[in-house]
Amino acid sequence: MDFASILIQTLNSLQYGLLLFLVASGLTLVFGIMGIINLAHGSFYMIGAYLAFVLTSVTGSLFTAILLGIPLTFAIGALLEWALFSHLYKRDHLEQVLLTYGLILIFEELRSLLVGDEVHGVDIPALFSASIPLSDVLSYPVYRLVISAVCIVLALGLYFLIQRTRLGMMIRAGNHDRSMVEALGININMIYRVVFALGFALAALAGMLAAPISSVFPNMGSHVLIISFVIVVIGGIGSVWGALIAALVIGFADTFGKVLLPDFSGMVVYLVMAAVLLWRPEGILKKG
Amino acid sequence: MNSTASTTLKLLGLLLLACVPLSGESFYVELAAKTLVLAIFAMSLDLLVGFTGLVSFGHAAYFGVAAYAVALLSPKYEAASLWYVLPASVGLSALAALLVGFFVLRTKGIYFIMVTLAFAQLAFFVFHDTPLGGGSDGIYLNVKPTAEIAGWLPFDLDNPSHLYYFILAALVGVYAFLARILQSPFGRVLVGIKSNEHRMQSMGYLTFRYKLAAFALAGGLGGVAGFLYAVVFGFVTPELLSWHQSGNVLLMVILGGMGSLPGAIAGAFVFTGMQELFASWTKHWQLVMGGVIVAAVLFLPGGLAAVPDRIKRSLQGGGSNE
Amino acid sequence: MSEVINEGLIAAAKAAAKAAAGSAPLLVAERITRRFGGLVANQDVCVSLERGKVHVLLGPNGAGKSTCINMLSGDLPPSEGRIHFMGRDITALSAAQRSQVGIGRSYQRTNIFPQFSVLENVRLAAQSRRQQAWRIFSRAMQQQWALDKARACIDEAGLGSKVDWIAGVLSHGEQRQLEIAMVLATDAQVLLLDEPLAGMGSDESARMVEVLKRLKPTRAILLVEHDMDAVFAVADTITVMVNGQVLESGPPEQIKASVAVQQAYLGQEDSFHV
Amino acid sequence: MGHTLNGAFKLGIGMALVAATLGTSQAADDKIKVGFMLPYTGTYASLGNAITNGFKQFVAEQGGKLGGREIEYYTVDDESDPAKATENANKLVKRDKVDLLVGTVHSGVALAMAKVARENKTLLIVPNAGADEITGPLCAPNVFRSSFSAWQPSYAMGQLMAQKGLKKVVTLTWKYSFGQQSVDGFKEAFEKSGGKVVKDMTLPFPNVEFQPFLTEIAALKPDAVFVFFAGAGAAKFVKDYAAAGLNRSVPLYGPGFLTDGNLDAMGEAGKGLQTTLHYADGLDNKKDPAFRLGYAKTYKMQPDVYAVQGYDAAQLYNAGLKAAGGDAGKQAEVIKGMESARIDSPRGAFTLSKAHNPVQDIYLREVQGGQNKVISIAAKGLADPARGCKM
């Protein structure tokens, strides 16, 4: 590989890693704060992508679709938490696995009933449909840069939310000791609901952003789910920053693995995980 | 419930299963054979989930490793010897479990669930991506292994009835093996680990080793099921190692009630039965299945396992009509 | 895994234990310190346990007694300092390995197998002394030596009449006795007992004190306890801890007379009236 | 022993459930039983439906009969899942005892079906799956194909690209046998005519993150790129290729699955793409317009190549049944009739090779105005070499 290719592949790695971060951050928050293992998180990504498709075809613009989609998915998330997940906090992990596994089946079939099984494309908004020439033959799509930029902004937003706001303080407290939070007279149920809805919205937003470049198709959530698990394991449960680092590591490992070790590309990500487990069984940034 | 009655019930169940090939309906014999294979698979996972307290969400990996081992170890157009491929494939799956166990048993709780899943995915990609496994198309086992020993053929796996009884014998064998192990000092330690691992450690048990042994053992027994699956269907694909497969077998264990070997067998039958039944209603049968699962978790804490107890209790409650 | 590497060390410690059965202290902690992040839970604590003696650890809640016992039992690695058992350094051994060399403990919160019978609880403890994991086909209930030993330890702990009961339905005091039986079944030379009398009625306490007295001659005992009557009934040495540090250590008379101890306990709910 | 009782009790429930499904009765009468094993859910659902529609359209044109006999349909959704393929095929073959098995789209599943068909001597028509083996090493007297082999469109494309004077080509496909067979067919023709494949790249199916490969293509700067992709992944690939600006400097070619059914999803990015296939829009024969009109009337949508393949599967069986006087039991005569049939297909008439694969014209098509317009015939009467077939 020449230098220019390496640079461009680096750009690819960053973009893929940042998108994965968006999905995994919600997952790690729900894991860390609520202690719930959620297999349906990949479905949230799928729901986001299909929402982007449906809303874009109705409204004609991905912008509008995303603007409508964020509050909508937040609301769905809160509803799900109220209806289902709030019953799971005191149950053991096995029952959580079971219920969220059932949810995957339900979401996929609902998707099949409501939207069908065809593959659909979502148009890139005209504003970002250009490409920037990087070498004499290759251009880099502006939209991919936009995705990276949005992800970075959201990561900063999450940082601000968790470090600087009252909600963030409650989230951090809940992360360490839920009985302490309750002792402070804070409504822990409300925190859980907000965190869960936030996780749902983040995963769905990732799906919406990715829809134009990945197209929308059945079972698109399951690959994302397992990669997100790997990211959470590597980063450490509950650690948003661990998730960011891990997502970037995975982005690089996957991108360069594909080109350099094509026969083993699917495995590279998991080998990275195995190495981290040997080194630090609880992830690179374990929470207190 | 005394033990004579329970033994009688078990023998009755066995008799019932033994009668299936007499029906002569080859499709249903094969369906029953598949269910028996899944029952073996479910029992092997129950050793981990129900008896040792390790919720593995990647058990399909060992099932798949053994299935692939049969396909890869058999010559393309000749029969391999059963007495070579069976131990080899079971050994390989146990070895894979030993290796994976060394990593995953360093973690606990949610981590353990996710890490077992991720390692199963790694195994999936070994067969999916590398030249070893033939990609997503899988590999055919063109000729079933032969049971011939020095010119003498005790039974013929190409004969569907022989194959069925071979599987039934394997089921009984695995059941007896596990039942015996659970009564041994080793088995008691596993149950102790499930109940209170920390206490086991403070009593001087190096629990990691026991868990690793259990993990490898469960992997090997899952391999028995994988071996039989490959022989029944003559075809292996990476899907055998997929996380849906791991999820389904976990479901069987839970449906049957964790920590009960007959329960695991029943779970496999209930699962297959539901699948066939729902699929005959609607092509969106997974919606029904998903709904049943979610409802079961919400409204039946303790799972289906608790249902007979509930019925018993309600029967006893209304004892006056007897 | 460190558990595997230290096999040789365990064997050596066991051999030393047999050879040195006699006068020298069994367990010695030298200036052990434990930090949690910025918080110092134990600083430079020294404890020494001898066979035939009961060493009591006293102190208000949060003084660091449990942290200290956790470091001795191997549940928590010390941040600094060394721990010796019969002259061998065992600082690096895990809890399971320390149990194997002869250090047994009970927990502040009852820590048993509630679904198992009393016999099975103790039998499992006895079995831990001869781990023959490869014998997966023998029946646990036919290992006579383990059953005999379990029954003997249950008797020793005063639970002889409840052998076949399910542990979870025993009274609180009986569960504490069960814990003692389990520690005994592991052949422990050193007993680390974390508040064995907590939550007991006076009858139960008296019974437990009898048990402790019976055990004392053949073993070294570390006792964390708040019940002053019991403490002075059995103690040979008392160490008082405050804020993670040793305030004073010596025979009961010395502690009773100590001005520093009196001051430290002034205003405390459970200040001692002797 | 409470748990044993529970276990036995549950075992009873399980048995009852299985018994309940056993009870589904099978009507026995003198209709011909046709079993569809096709994907009706999942990614390939629309293909499965198109094949079924095509088959039924021909039957409807014959007054609801084939070879003068009434037809009864049995349907199994194969979910494109190879792991369930043998079991699903057995449902139709062993449980329902169909006279003709029709299926399927996914090559892996089709291979499993071919195995079941061979073992049980059930007549099988494959209406899509292009795996070379089906009419190659695994060929059998009772196994037919109404579609194509992976080799056919790719070989035609290889010839064509060499004729265009392209020298240095990079290939990219999913790493499964159909993709690799496509690339092999292409390479065979292209390198025979003096071209050179400078790099073969693969990615695991159904991975769709193409960006690293596009970067690699840009670094290699070939004269052209040959790809095999289908369905969702194909649409995405074409869009990514255009977004990377590669379509301006490195032309893209491939078998027609790249664009078929994907024209809407690709949008602008697909414009001008040239592909090879055995079917196209705007074909110059009499059969096609009539077929299209009839299909559109019945199903309220335009037919595609899959509908054609289903339609031809029905034609093929019709020819066999006629030769046997409508008696499906005389399998040898049915097979003889099918082997010698000349099928008047909407794609243009074709006959079958010795290995039972269509000998057919392969068209060069170009994406114009939302259609795969035929440009020329890339290969006339192209027959699959049927390597490894001992029939």
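To keep things simple, chains are lettered A, B, C and D as they appear, and every chain counts its residues starting from 1.
Note that in this section a residue touches a chain if its C-beta (ideal position, glycine included) is under 8 Å from a C-beta of that chain, and two chains touch if they have at least 3 such contacts.
This is a predicted model, so every value here is computed, not measured.
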Which of B-D and B-C has more C-beta pairs touching across its chains: B-D
Reference subunit B; chain at largest CA-centroid distance: C
Cα-centroid distance, subunit B relative to subunit D, in whole angstrom: 35
Gap in Å, rounded to a whole number, between the CA centres of subunit D and subunit C: 73
Centre-to-centre distance between subunit C and subunit B (centres being mean Cα positions), rounded to whole Å: 43
Intercentroid distance (Cα basis), subunit B paired with subunit A, Å: 33
Sequence positions of subunit B contacting 2 or more other chains: 125, 128-129, 284
Residue numbers of subunit C (touch at least two other chains): none
Residues of subunit A whose C-beta touches two or more other chains: 112, 265-266
Overall pattern in which the protein chains touch one another (line/ring/star/complete/other): other
All pairs of touching chains, each written as two labels joined by a dash: A-B, A-D, B-C, B-D
Subunit D - residues contacting subunit A, complex: 41-43, 45-46, 175, 201-204, 208-209, 211-216, 218-219, 221, 231-232, 235-236, 239-240, 243-246, 249-250, 262, 264-267
For the subunit B and subunit C complex, residues of the former touching the latter: 180-181, 183-189, 192, 195-196, 198-210, 213
Residues of subunit D that touch subunit B when the two form their complex: 1-18, 20-22, 24, 40-41, 77, 81-83, 85-87, 90-91, 94-95, 107-108, 111-112, 115, 131, 174-178, 180, 204-205
Subunit A residues touching subunit B - in the complex, by the definition given at the top: 31, 35, 37, 39, 84, 87-88, 91, 93-95, 97-99, 101-106, 108-110, 112-113, 222, 226, 229-230, 232-233, 237, 263-267, 270-271, 273-274, 277-278, 281-282
In the complex with subunit A, residue positions of subunit B that touch it: 49, 55, 57, 103-104, 106-107, 109-111, 113-115, 117-119, 121-122, 124-126, 128-131, 243, 247, 250-251, 254, 258, 284, 286-287, 289-294, 296-298, 301
